[in-house]
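Here chain A shows up in two complexes: once beside chain B, once beside chain C.
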Partner chain A sequence: MHRETITVIKVRGVLMVTMPADPDDATISALQEKTLEAMEEYEARGLILDLSRVDTLDSYFARTVTETGKMVNLMGGQTIIAGMRPAVAITATQLGLNLAFIRTALGVDQALDLMSEEHPV
Partner chain B sequence: MNKASSKSKGVVIEPQETRSSEASGDLLRLLVENIKEYAITILDPEGMVTSWSPSAEKIKGYKADEIVGKHFSAFHTPEDVASGKPERELAAAAKDGRYEDETWRVRKDGTRFWANVILTALRDKKGNLLGYGKVTRDLTERKRAEEQIRQQSREILEMATVPVVQVWEGIVLVPLIGVLDSERSQQLMEKLLERITATSSPVALVDITGVPTIDTKTAQHLVETIKAVRFVGADVVLTGVRPAIAQTLVHLGIDLSNVTTRSSLAAGLRVAFGMLHLCVSAESAD
Partner chain C sequence: MNLLDEGSVAIVEETDIVTVRQTVREAAGQIGLGVTDVTRVVTAASELARNVFKYGNGGSMTWKLLESEFAKGIELTFQDKGPGIPDIEQALQDGFSTGGGLGMGLPGAKKLMDEMSVDSSPQIGTRVVVRKWRSI
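What follows is the complex of A and B.
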């Protein structure tokens, strides 16, 4: 029912997803499924996950983001999370969000720069 | 002889003479009329204004004919009037003989001033309540000065605890000095993240030259801060890693393998410039 809340768009070979302010579990699962489907369909260079609207982060969200980063990496893409707010970042350290396969950027602009620098078309 | 020396000091009050008590009464009246800093008012037992001094006019804005006969709750804020404070003040003064308060009061034009108010119950020899003497002092200036000092000291303290400065477009610097305890680490993390996002700076230099020692807890705090900075999308360059600090970090088994570290701030700044693809060149000599 809630799957419509996630929209994956493709811009110049990069997937972009903007998370809503307070995503529920269904939205979070939809994020992973839709992203991976789109990775396959478009053979995208990677995923930019815009978190600038998000103001709450729970352990399920943190785990899903970590996992999705690994999965996207296995499919040959780079995941960049963009625009995480300070308060969410502090929560993220406590929840053990893992950045092993994920890059970060201050905003979507910087994320696009990073993507074209490190994973050119 | 005695009289001459007293004269040179100014006012002489001779208590033995019958006229002097009248004279001192006159002087007292002159004092009440001329004193500027205190508004002196007499209230009747119900709290109606019966006597009004020029200083009261100056401080509160009412002329004598505008306020005499009115209830003294005219000087209270609407909130105080609604909560019945004027009546409570009178009751307290009647019970204890005296009531003192520092509070907001209202002038005729509606502006508020911070006042020290003393209400004194006036009784005759049999103990019947004749009214109240009310002395009000305008302390707005003092309160404002106090608040300014408090605000400044708060800012200085905050600045001294974790000073975060932007040293270049895209680079913020935190020179840490002194012991890094849990509370300071928390402040460091919050302030640093806030400055990074506000200035949109991709690089943060954290300089620990001034940190005397590092223990496991401090190191853990630093690692967490560095992680949080990564999450918002920036990178930390840890500078000022002196030999003793380097030894301690290795002995404690702190993993900083994915953090850029440098021994001096200057070296760290060069790394930061490199991350932003900036280069520093000396100006040609000619």
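What follows is the complex of A and C.
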């Protein structure tokens, strides 16, 4: 089984990462490394993590997302997770996942707006 | 209780956790569970498969689709080759973890499923059986 590729792109000074639907653990930890490297390389203002394709968010995935958000924060950026599906949000809450540290947005559009309001280009 | 279908997945490598999720998603869809319940079952399966891989020296996941007069259901059995859990009651409590994780494996899976039973001993390892039902 092959590892899914994660693409990090920069839009309006912000890093954008779209998570694949069903990433394995190695792909999830690659997300963290790749994102932090890109933060430094592109001097980005923050990270928008698009979860709209994700159909399973388990505790390992959630912990990596939270950790990555904290790390981006330490580097001076902001993290917004965008587009979580209803079924995933329901399951995450019942499972007791704590994503309270991370800001959220309905979708990538709204996340970009939030990012621009707080850090005008 | 009728058995509609069954199958199993070996859990040896980390990527087998993905195979477990995909297999369970497909199986849970077959009994007509809604998208939220499918997500619950797949997420629970992911937690339990990771336990088997990380703490149980690997093992397997067996799935069964069941049908009674009033309901259809999916049953998942996770069997590992690990040392067993000394205190199952403790392991089922929120936040308990021996692996440095979030401790959500067992208690999390229990919350997402309708039924769960755990058997564990140093001889047989740990076996976790979970079920989710849909009224028909």
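One rule holds for everything that comes next: the second predicted complex is superposed on the first by the 109 of 121 C-alpha atoms of A that agree within 3 Å, B and C clash if a C-alpha of one lies under 4 Å from a C-alpha of the other, contacts with A are read in each partner's own complex, and residues count from 1 in each chain.
Basically, a contact is a pair of C-beta atoms (placed from the backbone, for glycine too) under 8 Å apart; a residue touches a chain by one contact, two chains touch by 3 or more.
All values derive from a computational prediction rather than experimental measurement.
Q: Would you sort A:Asp55 into first (chain B), second (chain C), both or neither based on which partner it touches?
A: Touch status of A:Asp55: second partner only.
Q: I'd like to know which partner A:Gly76 touches here: chain B for first, chain C for second, both or neither.
A: neither
Q: So, does A:Gly107 touch the first partner chain B, the second partner chain C, both, or neither?
A: After superposition on chain A, A:Gly107 lies in contact with chain B alone.
Q: So, A:Ile90: does it touch chain B (first), chain C (second), both, or neither?
A: both
Q: With the two structures laid over each other on chain A, which partner does A:Asp22 touch: chain B (first), chain C (second), both, or neither?
A: A:Asp22 sits against chain C, while chain B stays out of touch.
Q: For chain A, which residues lie in the overlap of the chain B contacts and the chain C contacts?
A: Comparing the two interfaces on chain A, one with chain B and one with chain C, the shared residues are 86, 88, 90, 97.
Q: If you look only at chain A, which of its residues touch chain C in the complex?
A: 1, 22-26, 55-60, 62-63, 86-88, 90-91, 94-97
Q: Write out the stretch or stretches of chain C touching chain A in their complex.
A: My answer: residues 14-15, 17-19, 21-22, 25, 35-36, 38-40, 42-43, 46-47, 50, 94, 101-102, 104-105, 107-108, 111-112.
Q: Taking the touch rule as given, give the residues of chain A at its contact with chain B in the complex, in rising order.
A: Residues in contact with chain B: 81-86, 88-90, 92-93, 97, 99, 104-107, 110-111.
Q: Quick one: in the complex, what on chain B touches chain A?
A: That would be residues 189-190, 193-194, 196-197, 200-202, 224, 227-234 of chain B.
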